Amino acid sequence: MSRKSPITNLLFLLLIFLFAFSAAAKSRSHRPPRPCRHLVFYFHDIIYNGENAENATAAIVGAPAWGNTTILAGQNHFGDMVVFDDPITMDNNLHSPAVGRAQGFYIYDRKEIFTAWLGFSFVFNSTEHRGSLNFAGADPLMNKTRDVSVIGGTGDFFMARGIATLSTDSFEGEVYFRLRADIKLYECW
Amino acid sequence: MSRKSPITNLLFLLLIFLFAFSAAAKSRSHRPPRPCRHLVFYFHDIIYNGENAENATAAIVGAPAWGNTTILAGQNHFGDMVVFDDPITMDNNLHSPAVGRAQGFYIYDRKEIFTAWLGFSFVFNSTEHRGSLNFAGADPLMNKTRDVSVIGGTGDFFMARGIATLSTDSFEGEVYFRLRADIKLYECW
Amino acid sequence: MSRKSPITNLLFLLLIFLFAFSAAAKSRSHRPPRPCRHLVFYFHDIIYNGENAENATAAIVGAPAWGNTTILAGQNHFGDMVVFDDPITMDNNLHSPAVGRAQGFYIYDRKEIFTAWLGFSFVFNSTEHRGSLNFAGADPLMNKTRDVSVIGGTGDFFMARGIATLSTDSFEGEVYFRLRADIKLYECW
């Protein structure tokens, strides 16, 4: 009996290890999992309105037949497409040093309410972060928070996937928007 | 001999378990895998043509130099960019209750034949589904079926990936299109 | 002692196997991993400029208030949106047989420097490749190389994910661009 026990113990250890491994593999099916990386940033969008060419970080570049590229269209801006190159900051101050640029576009895509579709990247080139995170998804602007997908990443964010929870931290009329991006990555390489 | 057999049996079980596990890990390389989730929806696109402002769910917002934002351009609409907010239904009836909205854009991107590039989301907010699925990919409209990528999801579709097979279920002239989306998810969390 | 050794050996083998397996699972955290697939292509973009309708493979379809859809705008083309349907070749010769089409759009999105946001697909329908690869990401054109995400794939590239490293192989004025795409897939099914 005593002679078998070291082997038996080893077998039990192996079994425990296997079950743990198997459980880890299955843990995907339980939500919410823990993010492997968590980042919070702010970005600042100043839309060109015909008078702010100096400061504007964004501009309308597509509009429906009833709109134009200087003033956002009626019907909750349905059809307006905006290109942006917004500074990213660590805190909610527009004048804080930019740690990167949020670059891409959004399209207002509903007549009844403000909502948009987003395709953009966070491009970092600072001592802290190098590389990019790519995002896509629906942005129902009037919701307090809305989730878009992190569809990929490069450099420090190689092959990343996850969820970015956006919230409107502040706005001034229809010209300035400050967005908070709470980024949770669930696939890290 | 008989004293070793329980341990030996256990070892064989372990080996079988390991091989099964290893096989499961490798099964990725064999196609087609089984989807972890399968959904079918219809969505309905009514393009604004200058006369149907009431019913239109989509509008041209970008056009090439030789086109405009009211009438789809020649050369298979090459360069026309359309924004849409289409009702999603469970069956092929435009008047069935909408279970969500298909929101995003497509761009006709070939002169020789109808083909488009799609970026859009299915946004659900019903008792059955909450959350969104995000899509991107090429849509060669004249093919009976065409596959686009499910590049992410939120809410009930947290971190989803997969393939959506689109088919044109019906159309009327160049104004109304009904698309069937057969969505197979291969990564479910 | 000698009677236990076969079992002990088996146990050691199992342990080695387990550690190897565990190491493989963890290898994700070490960079750079080895791609499971590596492909190199060239694609050729000829932008419509009002005079080259015959040869043009791309056209401006969105522009800011200060621009138009025939000539690329000032301020590093900020706000210009271009739709393209470019031939893909295996080598750097525009006149080599096309193995597929690069279809989608880019938007110049910075005033201070040439940089763009890309959403596009490689669509293959040759004896060698069938299916599509979908891409998204920031393209800082003045960098020698820049990485965008492979966000999905269909057909032969079912569920693919990876990184495409783009470089400008050649250009003529602001009309012709030849891009080299070095595609490394890290998720293959």
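A few remarks follow.
Each chain gets a letter, A, B and C, in the order it is written, and its residues are counted from 1.
Note that a residue touches a chain if its C-beta (ideal position, glycine included) is under 8 Å from a C-beta of that chain, and two chains touch if they have at least 3 such contacts.
All figures in this text were calculated on a predicted structure; none of them were measured in a lab.
On superposing C-alpha atoms, the copy chain B sits rotated by 120° relative to chain C, to the nearest 5.
At the interface between chain A and chain B, two copies of one sequence, fewer than half of the residue numbers in use appear on both sides, so the contact is built from largely different positions. In this assembly, the C-alpha centroid of chain A lies 21 Å from the C-alpha centroid of chain B. Along chain A, residues 7, 11, 14, 18, 21, 61-62, 81, 119, 136, 151 each make contact with two or more other chains. Across the interface of their complex, chain B is touched by residues 3, 7, 10-11, 14, 17-18, 21, 48, 50, 59-62, 68-70, 81, 83-85, 101, 103-105, 119-121, 123, 131-132, 134, 136, 151-155, 158-159, 188-189 of chain C.
Looking at the complex, you find that chain B touches chain C at residues 4, 7-8, 11, 14-15, 18, 21-22, 28-29, 31-33, 61-65, 78-81, 107-111, 115, 117, 119, 136-138, 140, 147-151, 161-163, 186-187.
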